[in-house]
Every structure is written in structure tokens, then in C-alpha cells.
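Here the chain labels run A, B, C and D in written order, and each chain numbers its own residues starting at 1.
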């Protein structure tokens, strides 16, 4: 179970001209390496992947690969809208050192993304990929729901090793756990419901929240492993207000701002995303201060 | 915590002419009394309350009250669209022996059911009611979402003692738990997510599923109380297929059909609801047989 | 085509204790009778029908019947959640002088309201009714969509003479027109899209807006009949801001407030509805003043 | 009003290996040039733009530019997720001969696409573009709704000359017409509601349907210009069944299949899209045959 645990989907640092900033990347990754995070994901949604062209993506993979030691799983987001572009991106990521590919569902032609179309797409990608594939369902962003029945079919493919489910529907996560083999990774994508996801059998999470509060997220995971459910639940309750601000409320801009509050500098998001307003900054400061006080 | 535990929201038995059938009611309730169910709710959604006129409602309350001994909490659904009709129904229910009233949100004029309007409505009802009030949020049916912030405000009313949340959004249930006093009852309404709801702190459930499988539902509750989370989760997984057929798939008609399979006869639903099709009957038989085999 | 034209779905006047106020009713109806409105609907959604008990409903029908002369169609809303209650209400309305019944779809058990269930429901009601039936689809309120295919089937029933479609989806209205006989009434329910509905063939409207601005609504209808489409479109554009305030923004409370602005007094809505806030009052005054200026 | 009229958003032809097929493109465009279509759009949604990389996009623009004579407006879709990539694509399209750019809203980070963010995005693109900009709102695909209030603000930019609204909400199209200057192009994107859109003042359409039935679409436009509303409405009713099959039901695959039926060969869609099933093919044949019979 190489992909069980808590993974940080790290943001792509930009400088003030919105160019990738590899210096900021290096400083931030070094700091994350000093935390109990299991591993890293680059070029996920929180990595602003849809804003990077193919050259930038390759550059970021290469630079990140050099920073992450091999004892930590290093996962790269390679989903594109077409099957052929997804295959090409996955192969390039593998050549640049990615250990696994996190492949979000296509979403533009959502009305046509039937279960069959998605199974064919992922099968073609997994067939062609030199590295293991993690499915990635993020309905709030793509408008497509990769249902447990489709994941169950795909889980039998030898090169598909898990799924990231970003929705907060715990019944759906329970279904994923119940309909896939025991060694299939079911990774939660929502920090707000991390403990409930673990309580129904998720094997870990890829959580924006864990970029900001890596120790606390790792602690929730450990508490459940130790069957200390009530302690896990209590810690989760304290994490929710911070998690919400990074999720729907402010998204990537919220994540980048929260990182600044806790001492990381990954710059601003790329346009049309905008930095969060002063009121959001105040809310983040308050939520993070409140968390630290409660956590003591 | 008189309202913690597992409550059965019992269906209203009708005869073949769609009239209330008190004989069937008596036989069924006697049988439920031999199970570990904590208590009973009549005139909820599964009781087809919107199909009964005021005279029928009163008749059903009176007849049920005689059947349920006082050691089991006896709760009556009294929500109506107007505040004044809800107050009147609640007072009549109290006079007929209801121990608490379960009051669903109004839903017809959903666009106007702001948080303030709902708080005023429930405050007026609780002020006027001789018996404790349980709030009742069932967004899938009413199109209104009584948010945790509104429940938190209402929880301070001395005559409001809990909430039934029928949605499967575990984050919302966790919020209800986190934003209300420890002695405020947070009751899950979805059998499909009963264990996850308990894992985030719900104090029990009002579950259609518990009419059909009272022992198993009570067992999930007890396992969590005994901190045997993994056993609870496993049992929950086995309950899901049955629960789904009683929920969105077939609703009240599914519940009545499932009861027939396990030996209860509460007749058919009232029109425009219709008995479930033969394919549904087969699915119920299979799901229930599968559950019994797994549960052994 | 007795039910073509512009019909006012009049609000139920309440006094300050939220009781039906027959004096206010009489004064208001007399004034509406001096306008070019084709006819009247009572006990529709804007009549707060879900807030009235059966006795109040009967009282209102009787009192209204006396006020409306027979040269104006007099329609009564009789939809209830159960088929049997709808039949009973329709028969009582007929006995009290209703000329036709406007029957909204049941909506509480929305997941079970399949096309077949709705066709059976309406067929049973139409079979039992002594007066003609108008179907009534109001998806925003009921969560149920009575699709054109269902209406097409029902249109062949000799006692079903039309449909009120309250949604603003013009393609659906065009479908209704295209899939029903030429003498089947397709009545728009949204004042905001009245002209576009007429342009695709609707035979009239039952419009809250027409309670407030009866002359203008009747004029839109007449302009289309005279094939003066551009004039109709221009007048429609001027009506939209007022119509929006009566629709989603403020609903029945907005209608009652707007009526006060133009000189009708139908009191306040019943709780949990509340009078509109001062800002809403100001918006109504401005929109109505702006309309009058533009209309000159 | 260079952009009033009926525009065909032509599909990108692929060969059986899913590569762009310029021969098929040439044959098809020549045939469209013999119809009364006002002009052409390439790299729209129906052009499968999200499946083409930047090199392919440039290649297609260059090849298409050579085929379309200058008396027909030639518009290129250049929307990307980031502002900087949209600016770059627009400049390249202009250099390759595009006469205007159709820029869809970003949609990946939909929760953050506020009215302000969208106004800033479009303003930056229009400022940097050497050619006029047409806004493009396609909520069903992007999950973002560019509201009339935002369009009204953007309409004052000298380099923004119109909007394509792909939704079928006629009230929204009426609002666009009512809140923008008379010389601002409001182009409908839904063939199913083309006539109603024109009836509320749209200046034309960019319609997948017009690739298949260019004469009929042009005729609807002309009939409204000649104030023959009833004839336009009748023709529209006949077009609806075909239009629906190209829209939600089968999308791009349906369009490509329908083109084959009427004698154009633009190959198959790119994966993960798939050719339509035999039942869809039969439905298309029937709808097109039915249209031709009715149109005679």
C-alpha cells in the first residue's frame, strides 16, 4: 500500500509576473519534507494544472522530482481532456520520474462522459502508461461523477492502483471501499470530511489542508489507525473551519494565502484567479489561530 | 437523553381501499415492541403524513398511543406549511398523548424559507407547544435546508430538544454535533449513512430501515457505543443495499414491500404512490436474503 | 377557447391576525373587474393555498364565486398531495361554483412522481371531476416536472382542457404547444417570459404580474394577437423588472406589497411568510414608477 | 453588424486515427460555402477545441482561413483556462487571419469565477487582442454563468462586439438584448430555441444545427427579419427534434453523424468521445427524414 497515508497536493509557486518560481518551490518542498507527510502530488487541481502549458508542466515535474527523495511517493497529475493527450502527458511524466499518475476525469463534454466512455478512457490510459494510475473524481469541478460501479470495474486493471475521491459524500466513499479489493487505495480529497472518510475505510487522503497543517492531518490518520476514533473526531472538528476556507470558499487562492500565514511563500495564483480579499485573509488568520489554540 | 437511540418512523397501514387500517397497525406495532427499538415516530414522511387529513391524523395518534407503552418514546410528526396549522397540530398531538413533536420545515414557498423565517417559525411553534420539539430537515423532499447555524440558534430554546437530519451529508451532521450543546439530540435520518453519522457524533437515528431490520440497526448503535467501530462499519456495509431500496429508489412503497418480505403487513401506499414493480420486489427479496446470509 | 387570455391568480387577503378577510377580498375583486382581465384563479400558489385548511378553502370559494360574474372564467386551485384528497377538493369546488379546477402536481414524494404516476393521478382526478381540469406544473415549487410527453397523453382526456406551465423554459412551452391539440390551452405562469411564451404559441397566461398590472399584461396578449411582435417585446422588456420582484425575489409577499403600491389592499401573507423588508418596498416603488414612466 | 446572422460552428474533421483531416475539411467547407450561411466559427465546442493542442489549433486556423473567402466572417475560438494563455491564443489566431475571437469563459475553477473575476479576465483579453472579441457563455459545459450584468459592463469595451449565449433561457437572452447597446451582437447558441431567441431580439445565432440544415436556419432568421413570426415559429417547431439530437443527447458525435446523413464527411470524434450508437443513428435518420418531409 505505497499510496496509503496523507499526501500533499502542493500548489505551483508563481512569481509576481505569474511565472513558475522554482526557488519558492525548493524552499517550500524542503520544509514539507520535515513534516510527517507520506508523499506529494504535483499538478493536481491545487497545482493549477489547467493553467500550465505542456512545457511548464514538464519543467515543474523535473524540478520537483529533484526535490523529493525516493522514500516519499511522488505523484503527478496528468489528466487532459482527450485520451491521446492524457496518454502523452502520462508518458512524459513517467519519463521525468513520476512514480504514479493521478488522472482526473475529462469534464468538458460532461453530458457524453458515460460510465462506458470513462471506463474506455481510463483503460486506454492505464494500458499505455509505464507507471501506475490513480483515478481522480472531482465532480464539483468537472461536473462528471465517476461512480463506484465504474471504479469497481477499473480496479481490476493491473495498472490502476487507487482512486482519489474529492467529494464529501461519505456514502460514495464507503461504496468505493466496499466495491474494490482491499489493496486498492481509496484516497479522500476533502479535508473537511477526512475523519469520516477514514472511518468508512478510506486508506488515506490527498488533502490541500495537509499542505497547511501537515502534522494535524497526519495525526488524524494515525489516530484512526490506532482505533482512537473519538480523538480523531475531535481533532477533525477543529480542522473543519480551516479546511472550509481552503475549499469552496477561496480555493487555490485561499490555500496560497493560508500557506503564507503559516510561513510558506508560494506566491499568488495565476489569473483569472485572484488573491483573496482582506476579509478572507482575516478569516484565515482567525481560523488558524483558533486551531492552534484548540490543538494545544 | 430520552431521544437518543434508534427510532422507527412507522408507516401508516392502509387497507385495499386506501383507508387507515388500525388492525394492521396493532399487529405490526406489537411485533416492533418485541425488538430493541428505542421508540417510535408516527406521521413522519414514511407515515405518508401529507396524505392524511387532520381527522385521520388525530385518529392515528390516538390509536398508536394506546399501543406504545410509556417506556418507549412516542413521537408524532406535526409539521404543516403554515405556522398556525403547525401549532394547532402540535397541540392536538400533545393532547392525544404525543411525547414530542417532530416538525419538518415548511417547503412549499421554498425560496422564501430564509434562515430568519425558519427560526421565527420554529420559535413560534416551540413557544406554543406543550411538548418538546424535534426539528426536522429533509432537504430532498422539501427543497429547504435548515442549516446548522439555524439549528444552533434554535438549540438554545428550552423546548427544542433535538434535530432529525435526513440528508446524507456527513459534514453537515458533524456541524450539527459541533454547534449544539452535548445534550441536544442529533438524529440521523438516512439508514445508508447511519454508522458514519454516529462516528461524527450523532446520538441516534430515525430510520425507515429500522422498521425492517430493527435488530441490525440497534446493533450498529450499540457497537459504536462500545467503540467497536470496525464491526459497526462492517455491519453498516451490509445494510446499505437494503437501505438504498427503501430510500430514493422506492421510498414508502419500498418500505411497505420490504416489511411484507420480513413478515409485517402494512398494506399498500396511498395514491398517487403506487406499489413497487415486480423487478423492485425481486431486488428487495435478493437484498434482504443477502443481508441475512452475510449477517449470520 | 374559454381559457385563453390573461388570468389573475389572486392572493388571499388576510387581516392582521392572519385570518381570511372577505371585505378586503370584495374591494379588490371589484376593482379587478374594471380591468380587461379575462378571468380569475383563486387558491393557486399566489393564493397561499397550502396555508388554508379545507374549511377556509371552501369559504373562500363561496365568497369569491359571488363576486365574479359568469362572463369571466372562475378557476379554483384544488391540487392536494393525495389523489383522493384532490378528487374531494375538486368536487367541493365544483359544488361551490368553480368553472374549472387548476390542479398542481403532487410534490412531497417527488422521487416517486414518475410520468406514469402523474398520468394515473390526473386521469383519476379528471374522471371524477364534474368540471374541466387544467394541469398545473410548477417545478420550482414542487420539484416535479410534468413533461410535455405526459401532458400530451393527458390532453386526450375529454375533461382535461389545458395546462399552466409556470417555468420559464420556453422550449418546454413550445413543446407543449407542439404536442397538444390546437384547442388545448397552454397557459404561461411566468410574467417574466410572457411574450416569448406567446410567441411560441401559448394561448394565454395565469400571471401574478397581471394582478398588479392587468392592463399591461392584457396589452401584451392583444399585441401578439394583432401580430405586433416588436411592440409586444418592447412592452415585455418594461414589465420584466416588476415581474422579477413578484417572482423569485419576494414571492407572495412581494405581490401583496406591490398591490398595496398600486392601490389594492390584500393585507400581509400568512406565517412563516413575512412582509418584505423596507429595501424590497423601495425596489418595488422604483420598479413600478419606472414602468409607469416608460409606459407613457 | 458584421456578426449578425447565422454562423456555423464547424466540427474539426478527424481521420480514423483521430488526426486532423484537412482534406475532409476542404470538401466540407466548400459545400457550406454554397449555402446561405453568414459565416463560420472554428475551434468552438463543436470543433472539439479542448482536444486540440496549440500546434493543431494553429494548423486548423491556417488551413481554414485559406478556405473561407473574406466576404464571410471567420471567427476562431480562443478561450483557455488562464488569462495569459487566452491572450496568447487570441494573438496567434489574429496573426493567422481570424477576424474575431470567440472566447468562452474559463470553467475549471468555477467557484472562483465571480462576476468581477470574469470582467477582469475579458477586459485583459480584449485589451491585448488585435481583433474584436465575442464573449461566450456556455453554462452547461463550463458550470459558469456569465450574467447579463457582467456582459452589460463588458459591452462598453470598444473591442468587445458581442456575446454568444448557448443556454436556452430566453429570459437571459432578453436581458442581454435589453442591457447592451443596439449594435452589440447577441448570438444564440441553441438551435432548439433559435426562433424564441430572435423573437426577444437576438441578432443571430452560432448553431451546430446550421452545419446540418443551413438553409432552414437561415430561413428562420430571414422570416423574423420579415416579421413573419408565425412562419418562423412553425419552421422552428420542425427543427426541434433534429436540434435536440445534436445537443444534449449526442453532442459532437451526433453532429458528425448527422452531417454524414446529409452528405458531409467529417469523420468521427476524438476519444473519449465515441461515435453514436446504432439507435442514435436511426433516430437521426428518422428526424432528418421527418424534417425534410415536413419542410416540403
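One rule holds in what follows: a residue touches a chain if its C-beta (ideal position, glycine included) is under 8 Å from a C-beta of that chain, and two chains touch if they have at least 3 such contacts.
None of the values given here were measured: they were computed from a predicted structure.
Chemist: Could you tell me which chains make contact with chain B and chain C both?
Modeler: A chain counts here if it touches both chain B and chain C, and no chain qualifies.
Chemist: Find the geometric centre of each of chain C and chain D from their Cα atoms only, then give the gap between the two centres in Å, rounded to an integer.
Modeler: Distance between chain centres, rounded to whole Å: 37 Å.
Chemist: Between chain B and chain D, what's the gap in Å when you average each chain's C-alpha atoms?
Modeler: 50
Chemist: Can you list every residue of chain C that touches 2 or more other chains, as numbers and ranges?
Modeler: Correct list: empty.
Chemist: Can you identify all of the chain pairs that touch?
Modeler: A-B, A-D, B-C, C-D
Chemist: What part of chain A is in contact with chain D in the complex they form?
Modeler: 18, 45, 50-51, 53-54, 81-85, 106, 108-113, 116-118, 120-121, 124, 140-141, 143, 248, 250-253, 270-274
Chemist: Give every residue of chain A touching chain B within the complex, in rising order.
Modeler: Interface residues on the chain A side: 168-171, 174-175, 177-178, 192-193, 195-196, 199-201, 227, 229-230, 233, 236-237, 240.
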